[in-house]
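Below are two complexes that have subunit A in common, paired first with subunit B and then with subunit C.
Let's look at the complex of A and B:
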């Protein structure tokens, strides 16, 4: 293990990101063309670290639309080709809570049941450079969810006035530090204790049991009535992973491609089968699916909550639906 | 089953096509790679994710016997995009298979019992492997009863099998249609109306149900009235699916995955599932 601790001076940040970008696609927190903060591949743009990003970094691992297969029709066969991932990736500045969302993906795609090779290939070549939070964010409740410390990361960073403190957290992280040692300075700085309190809270004691009991609670109807089903919450959520597959032809009906695309449980089409039968017709049933998947269902197979407490769904919701409030109401009714 | 068989559409050739009923065909298919065909084994009630390249990938139950795995049969109704693109396909054309998926009916556990099959419409397709497997090992099971209901008599699937099964020792086959036609001499009405016409002995029986949601709902109610306990009833559910492996979350019902935990559930499990979510 490397014994020394390092800082990256802010004046060297772009040189560091450029150097990293030679070997991999580096997703950095920044503004998109609409002015929203998100994670995009580094291209020299300004880095945004002032607060949590509006969009989560999940698109570095699961893009909104992603090609999985190519199908080429031959005279008496069909060529089936899995789209290869080219090169490695890094999510630079991923927040601790969001690293837990990656952990949830890992559990689902790599540990539960059959391994998903499409995700495995992407994940195997992805490094996480976590940037710890030193102040509470607007709607986060990571302290309630136990996600304030990063997990599965390769580098750990703390932002200071004029530098980023950097520490290796895995052997891959260590290799990176060795490789880019020239851009780093040795420091005596010690990683600070994280001792802020989140403003929002979610009482997680027996939460699964309580919510399961509250499946038919009136709260779903009350809250569901307001739900616009705009799907904003599922788009900004770092751990919403539900996807659909879609085949598209290329020019003619000889060659085609299969895409995986983000879907949302807030939509009726999510449960629609032939004959136009929809299993979750009402808004309340779909809101319940969203909240319950986050706070109850995922635990059944994956031994952790899918909600990691970033609070983005609360910040984005145009009608102020707040899953911590829903959970609290159901707790008061069913505890 | 290898990772490849489960995670990537493997080429399979249509070797035979049979018109089963209006808008319904049975496709006999074989993996192009013989090694995959050799590796294939399945329990009744399992399904494939079937690729009609360029049109999509859809869940389709295996409709042939698990005792004969040198090819598989899929019985498919033309209802939408992918199924509509499949129907005009010819012998020799290539489709993709991923799977098989799902738990299937635990028919080993049903040995030495009376078996009651309840099926509605194209629900006969996923049930046929169970009937075939049990008829194929006739001596291991006791009395057999099949209740099969369809909209019209021309929509009955597997007519040759139905005839054959009615000749199997101690196998009572009863049929009904929703709409009688001049040529139909049998019963008219819902499938549950047939239950009273067979001498069912619930004590040592197992019921397997496959059909549309309403049919499953009423079949369970009626079977319970006769004396069936929840643990003696098994039904296969249908939900939208995009992966078959519990990853896409479309078939999630209150935390249970129809694709991996099901599609076959016992009555006890079904009682806990909110099948139609208000």
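Let's look at the complex of A and C:
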């Protein structure tokens, strides 16, 4: 175990990222070409650490549309060729709440039932360098969800005025620090104490039971009326993992491909079954599914809530639907 | 190798742009010609009427009796009929006529060179249509996917998802938060959010989704202080007015 604590001076930040990029693809928080804040592979751009990014680093692990394998008929047999993952990845500056979303992904893809080999491959080669928040973000409620401390990370960082405090949190993280020791300075300071209060709050006491009781509440109908079903909330949510598996046929069947595409419970197709029957035809039933999955259903099979309190669904909603408000309304009705 | 599919392109009242963009497929078009035979298309090698067809690809809306007769005749001799492009699927730009005030419509119709119907009809409103391929101009890769799927005997999946989904996948900032009225939440996706990615609002050229919440979106526009006339124009640009009352 490394006993010393380190700081990375801000003037060394780009040199540090440059050095990391030699071994792996480093995703950093930054502005994309359209001006939204998100995580993109590092190529010398300016780093954005002022606040939580509008888009989560979800795309670094699961792309919106991802090839699994190619298949095709070759003379008398069908051949399958796996798509290879290229090299390691690091998500630099991932927020604590988002590390909990990765944990939820791990639970679903690796621990609960069958292991997903595609995710396994990607996850094993991904490092997380968590950047702890020092100020509350606009819509986050991580203190209510208990996700203010990172989990499953390899490096822990805290931003200070002119440097980043860095400490190793796993053996892989230690190796990284040893390798790039030259760019880091030893500090005698301990990890800075963090104390801030989230602006938003979500009362989680018995929330699961209360929401289950409020399944037929009028609140869903009211909120459903103004729901656009635009799927924005599920697209920006770092812990939304639902996907659809599709085949794409190319002209000659030799190189057809199987891919998975992000799905959304806000779409009618999500519950479309044989005979074109749709289980969740009404708007409110789809909104309810989204909220209940985040705050109740996932907890039945796992020891955590799927909502990690980042508040992105609240920031992105064009009509201002607020998950915490819905939960509070149902609580006042059924507690 | 199965038999080549026989296809034809037809233009009703439109700009013929959708047929033209098929040439954008370039080398893919040459590849497609290995399993598709284009037997009747003005822009390819001229019209050959009365040919039996596997697939008729029709662009343009029905504006006159002539259009209607032509379309019914095409339907008669084709196995599949595809409405191709905004004019054919949702009446498109010519369909703006349908949302004008009554007296303006009458004035406009009286000036037409050939006698026109009172309203513009999209293809599915006139004859049975097997597939609709949306967009202005239509998206040729969708046409290619459709032809490949039919050739392999598969039913192509055309999903009912809004533009916002693809817009968020491309990680764009939401235009609605910048005070720009955008039809993304109610418009059928497949364009990979072409316009919002270039910071222009979605104007609904791919038609409205089946379960669109128009009322909520109009409320949102009003909250942004968008002029009522602009809201009306936006909703009726390519599509038929979704707020129309019965009998209007």
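Convention: the second predicted complex is superposed on the first by the 332 of 335 C-alpha atoms of A that agree within 3 Å, B and C clash if a C-alpha of one lies under 4 Å from a C-alpha of the other, contacts with A are read in each partner's own complex, and residues count from 1 in each chain.
In this text, contacts are C-beta pairs under 8 Å (C-beta built on N, C-alpha and C of every residue); 3 or more make two chains touch, one makes a residue touch a chain.
Quick caveat, the model's predicted, so the values are computed rather than measured.
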Which of subunit B and subunit C A:182 touches, first, second, both or neither: neither
Subunit B versus subunit C as contact partner of A:32, first or second or both or neither: second
Contacts of A:82 with subunit B and subunit C, given as first, second, both or neither: first
Touched partner set for A:262, first subunit B, second subunit C, both or neither: second
Which superposed partner A:44 touches (first subunit B, second subunit C, both, neither): neither
Comparing the two partners subunit B and subunit C, which touches a greater set of residues in subunit A: B
First (subunit B), second (subunit C), both or neither touched by A:116: first
Partner chain(s) touched by A:246 [first = subunit B, second = subunit C, both, neither]: both
Subunit B versus subunit C as contact partner of A:283, first or second or both or neither: second
Those residues of subunit A which subunit B touches in one complex and subunit C touches in the other: 246, 248-249, 253
Complex contact set, residues of subunit A against subunit C: 32, 34-36, 38, 54-55, 59, 64-65, 225-232, 235-236, 246, 248-251, 253, 262, 264, 267-269, 283, 316, 318-319
Partner subunit A, residues of subunit C touching it in the complex: 28, 31-32, 34-35, 145, 148-149, 152, 154, 157, 159-162, 164-165, 168-169, 171-174, 176-177, 184-186, 197, 199, 210-213, 215-217, 219-220
Subunit A to subunit B touching residues, read off their complex: 69, 71, 73, 76-78, 80, 82, 108-109, 112-118, 215-216, 241-249, 253, 255-256, 258, 263, 265, 270-275, 277, 279-282, 284-285, 288-289, 292-293, 296-298, 300-301
Subunit B residues touching subunit A - in the complex, by the definition given at the top: 3, 6-11, 32, 51, 53-57, 79-80, 83, 92, 94, 96, 213, 238-240, 242-243, 245-250, 252-257, 260, 274-278
